[in-house]
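Letters A, B, C, D, E, F, G and H mark the chains in the order given here, with residues in each chain numbered from 1 onward.
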Amino acid sequence: VRQGVPEVIYGQSKTKEQIGGILAAMEKRGSRNILVTRIGQEVADYLAEQFPLRYEPLAKLAVALPEPVKGHGSIVVATGGTSDMGVAEEAAITAETLGNRVTRLYDVGVAGLHRLLGNLEPLMSARVVIAVAGMEGALASVVGGLVDCPVIAVPTSVGYGASLGGISALLSMLNSCASGTSVVNIDNGFGAGFLAGRINQMESAKE
Amino acid sequence: VRQGVPEVIYGQSKTKEQIGGILAAMEKRGSRNILVTRIGQEVADYLAEQFPLRYEPLAKLAVALPEPVKGHGSIVVATGGTSDMGVAEEAAITAETLGNRVTRLYDVGVAGLHRLLGNLEPLMSARVVIAVAGMEGALASVVGGLVDCPVIAVPTSVGYGASLGGISALLSMLNSCASGTSVVNIDNGFGAGFLAGRINQMESAKE
Amino acid sequence: VRQGVPEVIYGQSKTKEQIGGILAAMEKRGSRNILVTRIGQEVADYLAEQFPLRYEPLAKLAVALPEPVKGHGSIVVATGGTSDMGVAEEAAITAETLGNRVTRLYDVGVAGLHRLLGNLEPLMSARVVIAVAGMEGALASVVGGLVDCPVIAVPTSVGYGASLGGISALLSMLNSCASGTSVVNIDNGFGAGFLAGRINQMESAKE
Amino acid sequence: VRQGVPEVIYGQSKTKEQIGGILAAMEKRGSRNILVTRIGQEVADYLAEQFPLRYEPLAKLAVALPEPVKGHGSIVVATGGTSDMGVAEEAAITAETLGNRVTRLYDVGVAGLHRLLGNLEPLMSARVVIAVAGMEGALASVVGGLVDCPVIAVPTSVGYGASLGGISALLSMLNSCASGTSVVNIDNGFGAGFLAGRINQMESAKE
Amino acid sequence: VRQGVPEVIYGQSKTKEQIGGILAAMEKRGSRNILVTRIGQEVADYLAEQFPLRYEPLAKLAVALPEPVKGHGSIVVATGGTSDMGVAEEAAITAETLGNRVTRLYDVGVAGLHRLLGNLEPLMSARVVIAVAGMEGALASVVGGLVDCPVIAVPTSVGYGASLGGISALLSMLNSCASGTSVVNIDNGFGAGFLAGRINQMESAKE
Amino acid sequence: VRQGVPEVIYGQSKTKEQIGGILAAMEKRGSRNILVTRIGQEVADYLAEQFPLRYEPLAKLAVALPEPVKGHGSIVVATGGTSDMGVAEEAAITAETLGNRVTRLYDVGVAGLHRLLGNLEPLMSARVVIAVAGMEGALASVVGGLVDCPVIAVPTSVGYGASLGGISALLSMLNSCASGTSVVNIDNGFGAGFLAGRINQMESAKE
Amino acid sequence: VRQGVPEVIYGQSKTKEQIGGILAAMEKRGSRNILVTRIGQEVADYLAEQFPLRYEPLAKLAVALPEPVKGHGSIVVATGGTSDMGVAEEAAITAETLGNRVTRLYDVGVAGLHRLLGNLEPLMSARVVIAVAGMEGALASVVGGLVDCPVIAVPTSVGYGASLGGISALLSMLNSCASGTSVVNIDNGFGAGFLAGRINQMESAKE
Amino acid sequence: VRQGVPEVIYGQSKTKEQIGGILAAMEKRGSRNILVTRIGQEVADYLAEQFPLRYEPLAKLAVALPEPVKGHGSIVVATGGTSDMGVAEEAAITAETLGNRVTRLYDVGVAGLHRLLGNLEPLMSARVVIAVAGMEGALASVVGGLVDCPVIAVPTSVGYGASLGGISALLSMLNSCASGTSVVNIDNGFGAGFLAGRINQMESAKE
C-alpha cells in the first residue's frame, strides 16, 4: 500500500458481500477509520451488523471502525444551494476523516450574494476552499475571485435541462481556472476532500 | 413593414454592393438612423462614399443617415472582461440608436467582484440590464441576484479550450434563468440591445 | 429579502418535511400566495394537511395560503402542442399568482398555422408573449415575427430521438433571437412566468 | 452506369486536372449536361477552356456540355433568408438540369410570415417542395404544415453561435418530420434537387 | 381538416381517457381507420372496450374502427436487423392503412449482404423503399446504391455504447443522401410510412 | 528502442530542422527505411537535400534512407471514395515499408456496390483488410460482412455537414465491430498500416 | 453460413421464446458451444430447462450445448478495475469458447501501476492483449506501450460524471492507436474476444 | 490589488498598444517581473522597444521588467510528448517567475513508460506535479498513481481526429481525479503554474 493514500472503498459497483469481505481484510491488518463511499442505507445496515460503523445518509458514505480524529489546519466547504449538500458532505467527511478541520458554508450561491459576503471571515482565513455547485457553477468563480488560497471546484449534477447532468457547471468551472482554481469530476466530493486534505496538510518547504 | 421593428440590415452575409442597394432604397422611402450590423472597415468605407455614415469599429456596425436621437429610460450594459466589449458595444449602440439611454459598466466580471460592487448605483436604478460575458458567464448570475429588473444575458465566444466558442457561457446563463434573466444567442449584441429597448420603452399597463 | 422576488419554494430536490418546515416559517412571518414548484401529488397531499393549499397537477405546482390576486396588464402563454401544457401552466400560474392577467393559447403550433392565425387578436394586444414549444420549437420564431412586444421562449423536453431532451428546441429558439425574443432553460415555465410578470408590470419611464 | 443516376462530378476534393480528365471521358462516351458541383470560379475557368460550360457562381456549380432541357412537373425551392440562396440554387439548377420545372421563392422565412403567405399559389400547386433554411430552420415546419406534397428540408450552415454550423437547423427539421417532410445533409442542395426530381417525375402506379 | 393528412393520434404523451375522447369525436364525424401510435397494450385494451380496434403490439400502434383498405403501388420496408422490426412495422402498417401495398424485407442488414442480394427482385421493382436500421445504419447506403427510386432512411435507437441512442445511425444516413435518399427522425416509423405513401401515390405530372 | 516498433517520426508538430536532426541521429545509429509522416512538400524538399528520401505527396509521408523491402503475406487497403486515398496511401506505404505485401482497392464504396463485388478475389484471400472511408463509413460494415480475416476500419475526415469531421464515420464503424472489425482514430492511416502489418506477420501459435 | 463466424445469438433485444427457438434450430443442424450474449439469469433459467447450458452471471452470457474446447495460443485479458470485469469476462469466455487459451489480469489499472508491472511475464508473452477499462481508459495506452503484439482496447461504461457512459474512455483509447492498438465499441466484450481469437489463430503467411 | 495575485496581462485579445499602456502604468506603480501571456513575436518586439523584456517563443509569453527570482520548494512539470512543450513552458515559466523552483520532465508519456520510470527521483520528491498531455491524457493518471503530492493536470489541444481539440484529454483527466489530481482548462499552462506555485509555497498549518 502506497503511504498517503487513505483506506477507502469505492462502494458504487460492489455488492455488500464484497465490501464486507474487503473491510474484514482491512480490519485484520489493523486499519481504522475506513471510508466506504457511494453506498445506500441498506448496504450500510448490512455492514453495521459486522463492524462498528457510522453511516452518513446525506453523503451516502460510511466510516467503518471509526475512531476520533483531530482536525488540523482549515478547509472551507461551500455550496451554491441546498441540493449540493450531499456532494459537499462527501467532501467534508472525507477531509475530516483524514485529519483536517472543516468549516461548512452551505447555500451561499451567487443568487444570494449577501449570504456569501456575510461569511467572509472563515472564507478569507481558509487554507483551501472546496466550492460545490451545480447549474451554472458561478460560485467557484466568485469564491476564486475573493480568496488567495487554492480553490477546488466540484461541479454537481443538480439541475435540469441545459444543466446537462453537471456538464454546464463543469465547463463553467474550467473556464475560471486562471487564478488558483482547479476542477474535479462531476459529483466527486471524495476526490475534492482528499485533495484538499493533501494541500491543507502541506508543510513549509525546506528552503 | 411591421411597426416597432427598427430599420436594420444584417451585413454579415451580404456584399457591399447589396448593402448599398438596400440602403439606397431605404433612404428613398425616408428612413434615417439605419443600423448596418456585422460589417468591417472596408465595407463601411465603401458605404461612406455614398451615404452619411458613422462607423463603430469596436462594435463592427454602422449607423447610416445618422440623426440625433434622444435617450429615454435607463439600460445598463455590463461586461465581464475587456474582450467582451465588441459585443457589448453592438448592444449599446443598437439600444441608443433606438432611443434608449445607456450606461456602460465594462470589465466588472466576478473575478474582481469589488469593481461590480463599487458600481451598484447605476445597476440598481436600471430598468433593464444587459450582462455580456464569455468563458464561465458568471456575471449574469451575479447581476441577476442583485437587481430587480429584467436581465438579458449575452454569452460571448471569448475564451479558449473548454469555453467551446461560447457554449460554456451560454449553458451557464441558461441555468441561472430563475429570477428575471433570459438569454440570447452567442455574440448577439444586436438582439439584446433591441429587446432591452423594447422593455425599457414599455408604458404602464392600462389597468 | 430582496423586494420584487416572489415567495417561491423550488420543490424538486427537497423532502416534504423540508418543504413543510419552510412553509411554516413563511406563514409565521406573514407570507401568502407562496408558490411551491415541481412537486407531485403525494407531496401536495402531505402539505395540504397542514396548510390551505391549491395544487395544480398539470403544472405540478401548488399555491400555499392562497388568496385572491387581481391580474394586471396582459400576458399570452402559447404552446405548440398539447404535450407542452404542463410547462405552460407552470408559467401561467406563476404569472397569475404574481398579479398578472394571463390568456392561454394552447396547441397553436406551426403544424397547424391556421389555429395560430385564427387567434391573432389576443396575441397582437399582449404586452408580453411566452412561447412554449418542444421538438423543433418553431412557434417562437413564428410568434416573434408577428408581435411587437417582448417574446420569452421556453423550450420543452417533449419529443424523442433528435429532440435530444429539449436541446433541439433550445437551439432553434436561440437562433431566432434577433427581433425581441429571448430564451430560458428547457422546461423552465416558472422562470418565464416570473420574467414575463416583471416586464408586464413595468411602468412608463420617467423621461 | 446505373440508369437514373445523373452524370455528376462531386468537385470538392478533386483537382481541376482530375475533373477535366473525367469530363473528357464522359464527353467521349456521349454524355451531355454534366453537373460539376462544389467548384470555384478558378476551376470553372480552367474547365471552360476545354469544354462548353455554364458556371453558376452563386451555386458554385457548372453544367458542362450544356444543352437545352425541357422542364416537367413542378418543384418549388423556398429559402428562409437571402443567405440560403447558394444552397437553394444548387438544388434548383440540379433539378432543372435533370428535366424538372422549378419555381423559386426566396427569403420567405418565418420572421416575415406575410411574404410566405403572399406566395401560397405556387406553393400549394407544387408536386414537391424543397425548403432551405439555416439558423432555426422553422421554414420547413411551416411549409410542411401548409402543403400536401412531399417536402425535402435542407438545413444550411448559415448563422453564428448556437446555429452550430447547421446542426441547429438540422435538428429542427428532423423534429418536424411527421407529416410528409424528410431531411438531407447540411448544405446538400444537390441531394435535395436530385431527390425532388425523382419524386416529381414519378408516374402513376399501375394499380 | 387539411385533405391528405390521415386521421392519426400521437398517443405517447396522452392519457387513455384523452385518447378515448378524441376517438369518440372522430367516430362521430365519420372517421374510419384511425391510427393511434405509440401506445402500450394497457391503453389498447382500454380503448378496445369502447371501439372496434386492431392493436399491433410490435409496432405499438392501433387501428381504430378498422375497415379493409386496398393497397396500391409498391413500397418496400427493409430492416438491418430483427431489433428494428418494431419501427419498421410502425412504418409498414401506417403505409398500409393509408392505402399502399407494402412488402417487408426484414433482417437484410449489411452484416449478411447475401440476404439483401437474394431479395433484389422486390427491391428493384419498388416505387419507394423505407430503409430502417440502427447501429451503423449502413443499410440505407447500400440500398440507396442499388435502387433508382426514392429511399427514406429511418435511423433506430437500437444498439448500445457508441450508437448513442440512434445518433450514430442518423449521422450515417444523412451522409449518404446524395443519390435519392432522405432521412426522418430516429424511430419515426410513422413519418416514413406516411411520406412513402405520399410519394407512392403520386400521379404522372400533367406535362 | 523496443523491438517491433518501426523507425518513424511523427512530423506534424515538428519543425523541419527538428526532423532533420532526428533523422541524422537515426542514420548514424544505422536505421534505414525511416517513415516521416504528416509532412508537406516543403519539409520534404528540405530533408531531401540532406538525405536520400522518397516523398509521397498523396500520403504526405516520406521514406528516408529508402531500401528495397520484400513484401510478405497479404494486406488489402480498400477505400469508399477517391477522397479517402490520402489516408489509404499513408496506411499502404506504412505497411509496405514494414515488409508487407499490399493490394489497393480504391473507390469501391457502397454507393457502387458492384465495384466492390467485382473485386472479391483479392478481398477474400487477404490476411488483413484495412477499410478506409469517410461520410457514412458503411464500407467497413460491408467488408466486415464479407471477409473472415481481421478488418481494421479507418474513418476519414472527408465530407461536410453532418460528417462532423469524421465523427459520423467513426461512430458508424464502432457500431459494426461485432464480427472481426476494430477501429483506429480518424485519418490515422499510419496506425492502421502498422497494426495490419503486425497481424499479417503473425506466425502460427506453437500449440 | 460463412465459415469462421461462431454460432452466437445476441440476446439483448430478443424474448426468451425467440432465443429458445433459434437454439432449437441450431441444435437440430448440429451446432454445439453456442454463445448467447447479454441475457439475464431469468432468461438463462428458462433456456436451461430445455438445453444443456452453462450460464456465466458476471459476463451475462451463456454457452448452450457446451462441450470441452481446447485452448490454443495465448490471449491476455486485462482490466483497469474490478468494475470492468463483466465486460472482460464476456471477452474472455467468448475467446475460450472459440478455442483460445486466455489469461486474466484483472484490476491492474494505472492507479496502481505496480500491479501491472508485477505481471509483465504473461503480458509480454501474449499473442494478443485485450485491454478493458472505463473512466480514463489509460490502461490501453500503458499496455500498448509495453507489448509488441496487437492490442484490442475495450472502453467500458463504468464511471460517473465526465465518464459520459464510456465516451471518455473511448476517446482516450482512439487517441493512443498509433502503435498496434485498435478499439471496439463501448462494453463490446464479445467483439473483442472474437477478434482476438481471429488474430491469435492466424497461421504463418505462406511467403 | 489583492495580495497573492501576480502581475500578469492576458495578451490574447488585446492590441499591442493596449498591452504597452498597461505595462507603462504597472511600471509606474513599481511592478517588476510582469508576465504577459499568449502574445506572438511581433507583439513582443513592439514591447521590447519600450521595456526591458524577456520573450519566450515556445511558451509565447514574456516577462517584462525582469529581475532575478529565487526559486523555492519543488515543482515538477512533466509532458507526454514534445508537442506539449509550449503549454508546459507557459506553466514552468509562470511558476518560476512567481518564485518557485521547477524541474522539467518532457516527453515522458505512457507510450514510453521507461522514460517516466527512469525519472522517478525528481517526481517522487516533488511538492507539486503539473502533468501536461494531449491526445489520451494518460500521463496524469500514471503520475497520479505514483506520487503522493497534489497533481495538476493540464489537457492540451495537441492531436487530431478524436482528440477533439483537447476534449478527449480533458475528459480523461477528470476521470482520474480520485487520488490527488485536479484539472485546469485545455492549454491553460498559466493557470496550472500559478496554482502550483500557491500550493508549493504553503506553510505548515499553525496547528
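Operating definition for what follows: contacts are C-beta pairs under 8 Å (C-beta built on N, C-alpha and C of every residue); 3 or more make two chains touch, one makes a residue touch a chain.
Owing to the predicted nature of the structure, the values given are computational and were not obtained by experimental measurement.
Among the remaining chains, those touching chain A and also chain G are H.
Summary of the copy comparison: rotating chain A onto chain H for the best CA superposition needs 180 degrees, to the nearest 5.
As for how the two copies chain C and chain D face one another, over half of their interface residue numbers coincide. Of all chains, the one whose CA centroid is most distant from that of chain C is F. For A-G, the matching interface among the pairs A-H, D-E or F-H, defined by over half of the contact pairs being the same residue numbers, is F-H.
Farthest chain from chain B (centres taken as the mean of C-alpha atoms): G.
One simple way to say how far apart two chains are is to compare their mean CA positions; for chain E and chain F this gives 41 Å.
Chain centres here are Cα means. That of chain D falls 47 Å from that of chain G.
Taking the mean of the C-alpha atoms as each chain's centre, chain A and chain D sit 57 Å apart. Those residues of chain G in touch with two or more other chains are numbered 161-163, 167, 170, 174-175, 178-179, 185-186, 188. All chain pairs in contact, by the document's touch criterion: A-B, A-C, A-G, A-H, B-C, B-D, B-H, C-D, C-E, D-E, D-F, E-F, E-G, F-G, F-H, G-H. Contacts from chain D toward chain C in the complex involve residues 110-113, 135-138, 140-142, 144-146, 159, 161-164, 167-169, 171-176, 178-179. Residues 82-83, 158, 160-163 of chain B are the ones that touch chain H when the two sit in their complex. On chain E, the positions that touch chain D within their shared complex are 2-5, 10, 72-74, 127, 148-150, 152, 170, 174-175, 177-186, 188, 190-192, 194-195, 198-205, 207. In the complex of the two chains, the chain E residues touching chain C come out as 12-14, 155, 157, 165-167, 170, 185-188.
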